[in-house]
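Here you go, one structure.
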Amino acid sequence: MCLAIPAQVVELRDGDNAVVDLAGVRKEISLSLVEGVAVGDYVIVHVGFALNKLDPEEAEQTLKLFAEMGQLTADGDGLTLH
Amino acid sequence: MTTSRKPYIRPLDLKHGQVDMAHGSGGRAMAQLIDELFARHLGNEYLGQGDDGAVLPLPSEGRLVMATDAHVVSPLFFPGGDIGCLSVHGTVNDVAVMGARPLYLAASFILEEGFQLGDLARIVQSMAAAASAAGVPVVTGDTKVVERGKGDGVFITTTGVGVVPPGRELSGRRARPGDVILVSGTLGDHGMAIMAERESLGFESPIVSDTAALHGLIETLLATGADLRVLRDPTRGGLATTLNEIARQSGVGMMLQEKALPVKPAVNAACELLGLDPLYVANEGKLIAICAAADAETMLTAMRSHPLGVDAAIIGQVHADDHHFVQMTTAFGGRRIVDWLSGEQLPRIC
Amino acid sequence: MKYIDEFRDGDVAQKIAASIRAEADPTRNYHFMEFCGGHTHAISRYGVSDLLPANVRMIHGPGCPVCVLPIGRVDQAIRLALDEGVTLCTYGDCLRVPASDSLSLLKAKAKGGDIRMVYSSADAVTLAQKNPDKQVVFFAIGFETTTPPTAVAIKQAAALGLKNFSVLCCHVLTPSAISSILESPEVRQWGTVPLDGFVGPAHVSTIIGSRPYEFFAEEYRKPVVIAGFEPLDVMQAIRMLIRQVNEGRAEVENEFSRAVDRDGNLKAQALVAEVFEMRKHFEWRGLNVLPYSALRIRGTFAEFDAEKRFPVTYASVADHKACECGAILRGVKRPQDCKIFGTVCTPENSVGSCMVSSEGACAAHYTYGRYKDVA
Amino acid sequence: MTTSRKPYIRPLDLKHGQVDMAHGSGGRAMAQLIDELFARHLGNEYLGQGDDGAVLPLPSEGRLVMATDAHVVSPLFFPGGDIGCLSVHGTVNDVAVMGARPLYLAASFILEEGFQLGDLARIVQSMAAAASAAGVPVVTGDTKVVERGKGDGVFITTTGVGVVPPGRELSGRRARPGDVILVSGTLGDHGMAIMAERESLGFESPIVSDTAALHGLIETLLATGADLRVLRDPTRGGLATTLNEIARQSGVGMMLQEKALPVKPAVNAACELLGLDPLYVANEGKLIAICAAADAETMLTAMRSHPLGVDAAIIGQVHADDHHFVQMTTAFGGRRIVDWLSGEQLPRIC
Amino acid sequence: MKYIDEFRDGDVAQKIAASIRAEADPTRNYHFMEFCGGHTHAISRYGVSDLLPANVRMIHGPGCPVCVLPIGRVDQAIRLALDEGVTLCTYGDCLRVPASDSLSLLKAKAKGGDIRMVYSSADAVTLAQKNPDKQVVFFAIGFETTTPPTAVAIKQAAALGLKNFSVLCCHVLTPSAISSILESPEVRQWGTVPLDGFVGPAHVSTIIGSRPYEFFAEEYRKPVVIAGFEPLDVMQAIRMLIRQVNEGRAEVENEFSRAVDRDGNLKAQALVAEVFEMRKHFEWRGLNVLPYSALRIRGTFAEFDAEKRFPVTYASVADHKACECGAILRGVKRPQDCKIFGTVCTPENSVGSCMVSSEGACAAHYTYGRYKDVA
Amino acid sequence: MCLAIPAQVVELRDGDNAVVDLAGVRKEISLSLVEGVAVGDYVIVHVGFALNKLDPEEAEQTLKLFAEMGQLTADGDGLTLH
């Protein structure tokens, strides 16, 4: 629904703020909505706020699924199921 | 009675001075502004004539090309340039894309009361450097001052004339099915350099405007003898809008290849952050060229041989289409329309 | 760009497309609704539907915050700017939404309203701080994704003791919209809208988690796959939906696990709960008045509520009578079914709200897809 | 899938519509503005080319003249004209005073967000009528939109080109001692028509701007074969400032006869009420001519034979003066300097 | 224009000139001071001095309201505009008067001050009425001519109950200035300024009448001829002064009887007395602090007194050290005697106030008369 | 000292105002400072206010003096003397 994009935190700043980097473009964002963010983490940025941390392992997992696509059969494939 | 004093004029205060209404009155304050800023930096034999119009030599043959553009950019100074050099490049390019050799520029300034004279001096110097680098003198000009709140620092309208040699025909009306579309380099650099400067965005970015005079590059292309149909600089509205204009003028359709479009990673990133499409972002030193398919590779090689064309690419092809759609095969493998810019390029949150 | 480019890879797309073709049962049709405008946009922008077999059809849902904003809400914002003389701040997307009297916020700005586009709710607070003599109103729209930043802004204004900042709150709730679709007679009774499953929200779900969709899966027996907004995410979600349908399952699955879990962002949820409370009812464009479908500012923060500070009561205004936005938002009609699509109604002169944002079904089809209408 | 719809564009709302930022975006809204207003009213074969620059035929001999002026008048509509026709006349005149036949105009618009489309239409129509009456087409143009509060309704910069035949030399640098100075009619009409419109003055006046294209009158003068040295239109800063410019350019002095200066009674009266001097008030349809003394009477007769020169008068003479003073024998019998305009022309109370 | 053109007739001027030549005693010099800038302007603008014999010399007096305005007063106005954010209204003449820090009101306007030129004090009241949210201050300067319109404005504001209108009152009194000249050591003791008589004020006298000058004629034995501002009026007054000198008279004569009588305009005087009262002292540029030489707003109208409403106390500021305005205003020096006249100090970059208005001695000489310096 | 000019009253208006005419230019002015002004009178106008009425007989008288100038001898000439 709403435009948001993953970017990497490269600096933590006062006032619950951080600087993220996306291909060389840096922008100060607010961390008010998230907890435990460290430099190096990827966060999902929306209207100047980090909405959430991005989980690198899950991303890896999803990409692996894509890559294996051709060979897949019809089973759960390790997708997270709630 | 007493003897006459040595004529003396207190020089303009470029450090703290500001434009006031007297600078536009037509009187002595304006004459001083012209002498100390415009004539001093832009000076050449034609501007030095000092009449209301400049009298200029003309080549003995060919047709005249005339183009005009108002420049209203904000901020006035941005990474890679400022309104001064921009106003030279923009109009030199509009003349050059017609296949003409740009000869002369006219420059008209609308200054806002309160504008810093020091900023004006920087702008005029930048204009002078750009005009001199392009070899196109500013031969006549005008200065008006409007009250504070009725302008925005400075607006500069430049008008250029040039001459096209006989037999050379370039126009947005000449694209035909089968022709190939090239672009001379990366897209969106100028518009993104400007937008990234907006304070409210809080961007720090390595993006630099591409503002440049293209007539040298164009000469290189023309020298190949290739069958060039259309040249145009994709400024306001970006590549997308410019191609739509050409498609409409020529009554054709186009198909672009998204994979082929050159875009700098930082420009792409800034677009992602703002929800913009680099196809719609302005360029000020890029050229679209449309030529016969047989000449496409020659053209690409020629472009890449010029410093302003190192990132050149073949990006699509012209076809017959009564709807004049510009379409694109996406890098993802689908197909979409690349429409005219609609409204303004507003950052998108959703 | 890491975590972006990998999810747009055209070669991988071909593989997923092949797998979809392999798995889709050629003897039946699949109709999936992508709830979010973000998905609608991705489908059109990347040409995702060109990679789908003919029997897999996507239906655009109501998840475009600009599209569901009723005329009367934009009218309120315009009145605040023109009649009350406030500095009205809002996101760029809102500026072109058509309102009464052929106005929009953009046209009201041309008329002299002090209307500013902001990139963040925090910018509106800063503006209020810098202009203590101006009343600054933030026109807040959006689903659960955009609500927490508004909550932060209000708390910040309270901490700063600002007397000149308030919010016109039009935040709406995703589950209500989904319910309304599923409860609509077209889906429930008449079956005119065949609906085999949902591609579930991406960024909304980062906040609310996947749990809220479980009710729909269970109650209405519709599969839901939460998916990211990149085109490969959408492709993969479609494949997962096809598989659920084929297997007769109706579960909530999460393709977007890199950003979404079952619980969502609890800190953001707590902030929202502190600042906002449920509205008893709220009018949506196209979906009529829905009970408990939107938020309003709690009494403890009443001084930041523009509806309390200024005399701008909400008045419902009927959409243009030719406009089919309502039916389109409910998935009952397609943009091309609207008689004025592409003629009277275009992005330059939008009649309905679906023609405004590129997430709106009409705008997406006009801007990216209308070549198909002339093929 | 479905069949294509008839293309339809909702026409601009000239009754209630206003300029908004989209009209300057470069996209479809701007294209519509250009189609329905600019192309519709100003249209000609060159403007219709639709490229970034116009390609134009050139006479085979002579020199090019190029002049540019930004027009920022307020109010936009005034007795006798509006910014539209003014922007045509001003630039046609600057080209024509160089002895050139004006050939082509470029027009660049800076519109303020919120400007009434109906007013813009009136202005463009007035421009079109003036251009057509003058026989000088607008061949290329540009449109920008600035945010409300960063412009003033509309600014129009026009640039003109023309061609001077070989052998014809007119310039502010050519006045020499002994030459005679003429003016083609009454002074201060334009500036006073504008000022009398200012609401705060509470004037009702019969004063009408003299805005007019002077190239016809100039042709009449040139046709006499007289030895013309200088032609110039005394616009901003009025007669006084324009003569000072010429005196400086030519390095001469001048002596005017106050009794000979043509001024309309109402203009004089308005000047008295405001403490202004008609010598410093702008004209937009008047010509200063400086010629050899032997040709002065011929010139006066030629001027008076033309409808725009019926009130023409010989007003003074050029003499040697290292200080380049413009002086005047007053009607009262004394002598004074007629200096450059200093500062703005501000109404005086004391 | 009736009552104007007849008083500018060049043929009549020749006759009066002949009569002056006939009556002036060739064995002596006549030095007359025209008090008013209006006369200074007329003399320069029409070239009156070209018609006078060499032994009749005109000395410019201090009667130019802009010239006698001290830097500190303009500073106050600028502070009101820039620091207090008021809308400062004033007559066009004031805009270029040099103030501290190389500023003037025109430059303060360029810096962003909301400074408006008005044609009448009534315009300032109208502006205040139309902009109830702005504080409007009228910067009121001038001699007795211009004071009654300010009084009317204040009474009008009071009648309208305006809470956002006030006046920075810098109105000064002609008789005090004349006294100061006559009391100056150059005139009284040293005789460095030979002064054989005064051309008395035209429009000031329409208000105050001719009576106030009788004291000077009697006390200091100086002839006074009140004269209109047209050049023939000035010529005739000079002739009448020559005649008084020749006859050893020192009387008040009235050449401007078409508009001036002995009593003046009693209605206007009453209005001024109602609204204003004497200041104990006031600094004039060039004439130093003069006792009872200016007006201030009475306590009954205190709410319209900008000096009471805003924190802008007056601070005296020394003139530029090369500037000879003071000596010029007292008739001790001529513009050409100033070392920076026409070089550093020009109308574009005026250093002193005499170079601002065309009634100022330096500006008048620069603008109309400097050809004489190179003859 | 202060710019003022004689103009003829051509219309009386509400609020103690009048319209004056000077060679076809009309302007509304205030009569607050003067009494007994009628249409046809000449008044001296300064910053939008009439300062005084102009006395036509005195003006006539003054002009007559100017005109007779050539022939005058050195006597009082009927000048108003206070």
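As written, the chain order gives the labels A, B, C, D, E and F, with residue 1 at the start of each chain.
One rule holds for everything that comes next: a residue touches a chain if its C-beta (ideal position, glycine included) is under 8 Å from a C-beta of that chain, and two chains touch if they have at least 3 such contacts.
Everything numeric here is computed off the predicted structure, so don't read it as measured data.
Student: Treat touching chains as neighbours: how many steps, at the fewest, connect subunit A to subunit E?
Tutor: 2
Student: In how few steps can one go from subunit A to subunit D if every step must land on a touching chain?
Tutor: Minimum step count, subunit A to subunit D: 2.
Student: So which has more C-beta pairs touching, A-B or A-C?
Tutor: A-C
Student: Centre-to-centre on C-alpha atoms, which chain is most distant from subunit A?
Tutor: F
Student: Between copies subunit B and subunit D, are the contact residues mostly the same numbers or mostly different, with half as the line?
Tutor: Subunit B and subunit D contact each other through largely matching residue numbers.
Student: Indicate the whole-number Å distance between the mean C-alpha point of subunit B and the mean C-alpha point of subunit D.
Tutor: Centre-to-centre distance between subunit B and subunit D: 28 Å.
Student: Could you state the distance in Å from the CA-based centre of subunit D to that of subunit E?
Tutor: Between these chains, centre-to-centre, one finds 38 Å.
Student: What is the distance, in whole Å, between the centres of subunit B and subunit F, each centre taken as the mean of its C-alpha atoms?
Tutor: Each chain's C-alpha centroid was found; their separation is 62 Å.
Student: Measure off the straight-line distance from the CA centroid of subunit C to the CA centroid of subunit E, and report it in whole Å.
Tutor: 71
Student: Where does subunit B touch two or more other chains at once, residue-wise?
Tutor: Within subunit B, residues 4, 21-22, 28-29, 201, 265, 268-269, 272, 323, 342-343, 348-350 contact more than one other chain.
Student: Which subunit F residues sit where two or more other chains touch them?
Tutor: 1-3, 5, 22-23, 46-48
Student: Where in subunit C do residues touch two or more of the other chains?
Tutor: Residues 1, 4, 9, 37-38, 64-65, 91, 106, 119, 123, 142, 146, 346-348, 359, 374.
Student: If we use the touch criterion from the header, which chain pairs count as touching?
Tutor: Here the touching chain pairs work out to A-B, A-C, B-C, B-D, B-E, C-D, D-E, D-F, E-F.
Student: Okay, in this complex, where on subunit D does subunit B touch?
Tutor: That would be residues 4, 21-22, 25-31, 49-58, 60-72, 93-95, 97-98, 100, 104, 106-110, 139-144, 146-147, 149-152, 155, 157, 159-164, 171-173, 232-233, 235-238, 241, 245, 249, 282, 323, 340-345 of subunit D.
Student: Given the complex with subunit D, which residues does subunit C contribute to the contact?
Tutor: Touching subunit D from subunit C are residues 102, 106-107, 109-112, 336, 341-344, 346-349, 372-375.
Student: Residues of subunit A touching subunit B in their complex?
Tutor: 1-3, 5, 7, 22-28, 45-48
Student: Using the touch rule from the top, collect the residues of subunit E that touch subunit F in their complex.
Tutor: For this pair, the touching residues of subunit E are 1-4, 6-7, 9, 12, 15-16, 18-19, 23, 35-38, 63-65, 91, 119-123, 142-143, 145-146, 148-149, 152, 174, 201-204, 206-207, 210-211, 214, 229, 232, 236, 240, 243, 246-247, 251-255, 257-260, 262, 265, 267-268, 271, 359.
Student: What does subunit E use to touch subunit D in their complex?
Tutor: 1, 4, 8-10, 13-14, 17, 37-38, 44-51, 64-66, 91-93, 95-96, 106, 117-119, 123, 142, 146, 231, 346-348, 357-359, 366-371, 374
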